[in-house]
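Two complexes come next, and they have one chain in common, chain A, joined by chain B in the first and chain C in the second.
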Partner chain A sequence: MITNTKLSKIVPHVCLAILTLTCILPLLLLALASFTDEQTLLLNGYSFFPAKFSMAAYQYIFKAGNAILRAYSITIFITIIGTICNMAMTVLLAYPLARPGLKGRNLIAFIVFFTMLFNGGLVPTYIMYSQMFHIRDTIFALLIPSFLMSPFNVILVRNYFKTNIPDAIIEAAKLDGASEINTLVRVVLPMSTPIIGTIGLMSGLAYWNDWTNGLYYLVKRTDLYTIQNVLTNMLNNAQFLKTASQLQGVNVEMGTLPSVGIRMAIAVVALLPVVIVYPFIQKSFVKGIVVGGVKG
Partner chain B sequence: MEKTIQPKSQKPKKVNRFTKDLPLYALMIPGLLYLLLNNYLPMFGLSFAFKKINYSVGIFKSPWVGFDNFKYLFQTKDAFIIFRNTLLYNLAFIVLGTVLAIVVAILLSQVRAKSLRVYQTSILLPFLLSSAVISYLAFAFLSVDNGFINNSILEPLGMKDISWYSSPQYWPVILTVIYLWKSFGYSSILYYATLVGIDDSYYEAAVIDGASTWQQIKHITLPCLKTTIITLVVIHLGRMFYSDFGLFYQVPMNNGLLYNTTNTIDTYVYRGLLQLNDIGRSSAAGFMQSILGFILVMGANIITRKVDKDSALF
Partner chain C sequence: MSTKKLFAALLALMMVVTSLAGCANNKGTSSTESSTPATSETSSKKEVSSEAGTDEEYPTISTMVICGSIPADADKVAEELSKITREKIGVNVEFVMIEVANVATQLNLLLSGGDDTLDVYMAGVSVPYSTVVNNGQALALDDLMKPYEADMKAALGENVYEAGRVDGNLYGIGHLLDQASTAAYNLRADIATEFGYKNGDKVDLAELTELFSKIKAKYPDTPLIGPMNGGPNIGDSRIDQLGNKLGVLEDYGQTTTVTNYYESEGYKELVGYFKQWSEMGAYMPDLLNVADAPVDFIPSGKAFGNFAGHFSAEMNGIWSSQNFGTEIASLQIYDDAVAVTPWGYDCINPASKNPEKAAAYINLMATDSDAVNLIINGIQNEHYTLKDDNTATYVEGKNVSTTGWAMGYSWTALNSTLSYPFEYPTDYYQQLKDANKNAHQSKAFGCQFDLTSVSDAVSACTNVVNQYENALASGSVTDFEGTLAQFQQGLKDAGIDTIIAAKQQQLDAFLASK
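Right, the complex of A and B next:
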């Protein structure tokens, strides 16, 4: 710690308090907007001190909003299934790569690592998935592309196994007659809960927040939209109609779109699980960033 | 299983070893298959940039057209704009992001554990938000009719409303601010992790010698952070040709009026592929992104290795 005078002990607190507010206040503004009466919102704009509160937006979502509840359950579904598959595949690939003496393990580790240096990008990926594997407009489009396994996490987990699980323990389990999969599940995994938790968190967050797979691969089946897709779609449509009416001088009917308050309420609902869960897992999340952040 | 008899094998030990390890290889199959599907097949698909893709005859029967797609790409002024925007934004992000993260890390290292946790928790929050939610936050501030900036800041000051979503000149600042807002918590925690490892006796000795706060930072803190700074900057440099699709597509709400300052290689490739049906130019831009990105990451690593071996990525 830098040693200094009394005055400069206050300075860090003041600066950090300001930064903390810049991070939290925008979210508060969003939340307040969702509780603001629609007329007040249109008249006075977004405000930290709304003149009139209203629960109308939430009543709308939970009563009439079948599409929204549906999108919400799809998001929960792909987050759970995707994260479980992601963790399983990551661990299954990382474990053999951490075993000393496995023939060809360096080559395979390189195959994993190389994908972090070089990739085909969106065009070939999209063409492969949509033309060869016909993934468009299926639930697999939300689960498989990009997020099913991260090569970075594989290397992270492998390094953890290598440094934290002594070979002697694995050998002992083998002597007792445990199969490879048994050794992995009964011996190695219980000793690796921090790293398993970290990759699970990262993967869960990635699935929950993703909207790109829906954007790329869901063309007709908008009923498969995740909550993030519903959000982006509503905002872009509203903006598109507005720009069109400005450019062409036509008054486009905005009544078909949900009101501003309702849109903000959906954003709050999409955000809520992350904000609720996060404080509880904050410690392991920070640890995960530090472990994974600098070097793989 | 291990006792399988292999009378004719010349190297019985080796084969034995392989059979013994067979279950281990089997475990890796799902992961490796996924890499093949998700990562390696698209690499070969980069060759599509030299084809005139026609979905009706199929990808493989589409004719090869040499460098035509690249010619078409560079005939437009879009090519210049997307490369300029991608590189300049990244440059601004690297410089400002690094400075801000280091400053915040130093501030964090000055407070006690209890308040540290509160600060850390809240500055990491933006990092967890989806692009969709961030675009809603941006809209709450920038909306022309009832946005917070127009309504609660500019109007009370007696200034005229600004039509943010049709004024491209403001977007370099807006997008940089949003990027910094989203990422500073994450990167400051990386620097902070290095900072807490610095031995306190350095600072104590410096104070006895009469060093000021700034002198302590300059002569102790920054030199200790050197390796971390180089590593993180090199990682970002290697991604100079890439941009956060959500930030550049969703936050400006795919608004055509703003393309001049918001279009990057990633948004251009997406629009060409899925909105404008201009696969030729799109695949040419994507090809250049992949190849230049690869050259950059290799080059950056080679140079770092020569300068400072500890900071190299691999």
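Right, the complex of A and C next:
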């Protein structure tokens, strides 16, 4: 029956369209709010059809020498450097763990994966990083804790190597006289682009979205704040002032908090690179997770 | 996805970085640091070592400064302050600026594991004084403060100085703040004038209600009560809240019996007014969910006013006029107020390497007007200019978002009364002190309650209060009596009586020790 097949096509499409809209509309509203004139925003609230457009918020953000612009470049910096380091370390650890020849590899694997489930908690971690490694108030505070290496990524990559790189190929490379490092770089890696893309995207997103490291480890050097730090601080400060009314005399200068439009614009700016980059890597993302996830 | 594409994406990102870094490089010295973050650590070290050449003989005291957002000129002000402290107490001062929302996390971390980053810090914002004392994160100060005791008592007042005593030991020095706060109603000045009121006038709740109905009759479409700090923000100055309003001293703190405020006659009366205001449509619709601040909704005409708390309605009107972007007349609701225990304390980190110097610094902050003025108003002619009447104002062409240092009326300073009033009348701090003096001093002044033994009940009761109090005060309910009864029952079930008993016991012990 024609109507039946039509219906079975229409219903999922409508459902998916609605789902898509629920994802896209808030983002669209956010973007529109950032382009709306401040006064209009205050009077009429957020609207999909703002009465008056304005670029003032973006002019404010991209004013040279502005703290927001600086935070933005730091975010980009740590995302790139962090992701590259993360990928390199993950591959270099996962590859030997995937090779049958390594003695005690199960023990090493256990030590790596143990940290996925158990860790020292915030305060001991903080004390270790600040008092033993002295990374507080340096750029390393943004790069090293939590994100430099993820055991989950190591599992993904190891499993991918195990299941998708036939031993015969590595054997053949060896016979042709390739050293271990040559085998990895010239033979194994080119065959592993889906998984490399996946862990690159995951760790890139983790770095991009992180604000906890800045909160914990940047005490004096707040000029190293990432864009996410700037954003969360702004929101949290506004939130704090809301709830702090029981403190007497808390008449903090609310004027120092950026206006609604600027807050929206920062959110858009922080989101934009992810939105742009994601579609390009998405394909390998799905493939990588599926392939790396099969078998133990 | 080929590697090529991946690298292309990375390369594109890299290009964005370099181009952005390029813009930042051209202008401003502060941004040069950021465009090369990897090297900034070394450059900051260099700065320190070059400085050490001249100031090597002085130890550095680092002190926490809480701010709304980090001011651009913090280092400059710290250096200027160091000039004073080098001469007077032989130390350099370094600021650790902490944004107000980060205090809970960062202060806890900074006080952990013998970290000596902070020498002097303020307890009371997010991290209560009793908590740091209980955790052993505050040094006992009696011996350290001995040489300064008389000066400090003279500057802050004996009651404030002694308020930091817990079990007979002094762990922190109380901030001299507005200890007595009364509720005020902010009304757009042109409307107030139209109905015969001016800034600083006193009205009681009945008179205010009458005023509401008169305004409402003429302007039926505009609500009268908008939110401030995210809620209706109506205070009650007839009680000493004893920290959290769960178990209070009624009658302006002149009783020694801790009671349940939400079952008191005063609260019932207040709820009655909430009902009247709600019925006449005085509240902004959906008030609790409106994200706007008064600066947003009053000038734009969305609502005429809001409630606020201040030691003086007149000063509140002046402050609001500056901050809301339109003239405000502030009407004082209660005649009297009760002076309560200060909530902010300056403490010394037990891990501090120079506790004596830290104590000297605290003394300086309580007694030296130059130092205090610097930390509040910044550097003269750079962050403020002095007017003829000894009040400070912004430097020509600067405002609150462009100036390099704006602490405003600073509750983060130990003794702000020594500074020049910033955009306030010249007798601002005198009025503050008078308000403290003229208010009824609560019987519990100086009693530090420790509620860790009943913390479960406290969080349960706080949840109940969050559920009902603002809903009632913002007129968001339909059945006021019924909701009040539910509220009272909810508190009972959550164990408010155990909190009251604990407070009563501690208050009795405190009064006995006096």
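Here is the rule we go by: the second predicted complex is superposed on the first by the 261 of 296 C-alpha atoms of A that agree within 3 Å, B and C clash if a C-alpha of one lies under 4 Å from a C-alpha of the other, contacts with A are read in each partner's own complex, and residues count from 1 in each chain.
In this section, a contact is a pair of C-beta atoms (placed from the backbone, for glycine too) under 8 Å apart; a residue touches a chain by one contact, two chains touch by 3 or more.
Source: prediction; values computed, not measured.
Within the superposed three-chain model, A:Gln131 lies in touch with chain B and with chain C [touch as defined at top]. In the superposed pair of complexes, A:Tyr216 makes contact with chain B and with chain C alike.
With both structures placed on the common chain, the touch criterion links A:Pro190 to chain C but leaves chain B unconnected. In the superposed pair of complexes, A:Leu42 makes contact with chain B and with chain C alike. Contact with both chain B and chain C is seen for A:Val123 once the two complexes are overlaid on the shared chain. Within the superposed three-chain model, A:Ala178 lies out of touch with both chain B and chain C [touch as defined at top]. Judged by the touch definition given at the top, the superposed model places A:Pro96 against chain B, while chain C stays out of reach.
Ranking chain B and chain C by residues of chain A touched puts B first. Of the two partner chains placed around the shared chain by superposition, chain B is the only one that A:Ile144 touches, whereas chain C remains out of contact. When the two complexes are overlaid on their common chain A, residue A:Leu29 makes contact with chain B while staying clear of chain C. Overlap of the chain B and chain C contact sets on chain A: residues 42-43, 122-124, 126-127, 131, 216, 236, 239, 243, 246, 260.
Residue ranges of chain A in contact with chain C, taken from their complex: 39, 42-43, 62, 64-66, 69-74, 76-80, 83-84, 122-124, 126-127, 130-131, 136-140, 190, 193-194, 196-197, 200, 215-216, 219-224, 233-234, 236-237, 239-257, 260, 273, 277, 280-281, 283-284.
By the touch criterion given at the top, residues 1-3, 5-6, 9-10, 13-14, 16-17, 20-21, 23-24, 26-28, 30-31, 33-35, 37-38, 40-41, 44, 68-70, 94, 96-102, 105-106, 108-110, 112-115, 117, 124-126, 177-179, 181, 228-231, 233, 241, 244-245, 291-293, 295-297, 300, 302, 309-311, 319, 323, 340, 343, 399-401, 406, 408-409, 411 of chain C touch chain A in their complex. Interface of chain B with chain A (complex): residues 17-18, 21, 23-25, 27-28, 30-32, 34-35, 37-46, 48-49, 53, 55, 58-59, 104, 106-111, 115, 117-126, 128-133, 135-137, 139-141, 143, 145-148, 150-152, 165-166, 181, 184-186, 189-190, 193, 200, 203-204, 206-207, 213, 216-217, 220-221, 228, 231-232, 245-246, 250, 253-257, 266, 269-270, 273-274, 279, 282-283, 286-287, 289-290, 293-294, 297-298, 313-314. In the complex of the two chains, the chain A residues touching chain B come out as 1-5, 8-9, 12-13, 15-16, 19-20, 22-24, 26-27, 29-30, 33, 41-47, 88-90, 92-93, 95-97, 99, 102-103, 108, 111-113, 115, 117-128, 131-133, 144-146, 148-149, 151, 154, 179-181, 184, 205, 208-212, 216, 228-229, 231-232, 235-236, 239, 243, 246, 260, 263-264, 267, 270-271, 274-275, 278-279, 282, 285-286, 289-290, 293-295.
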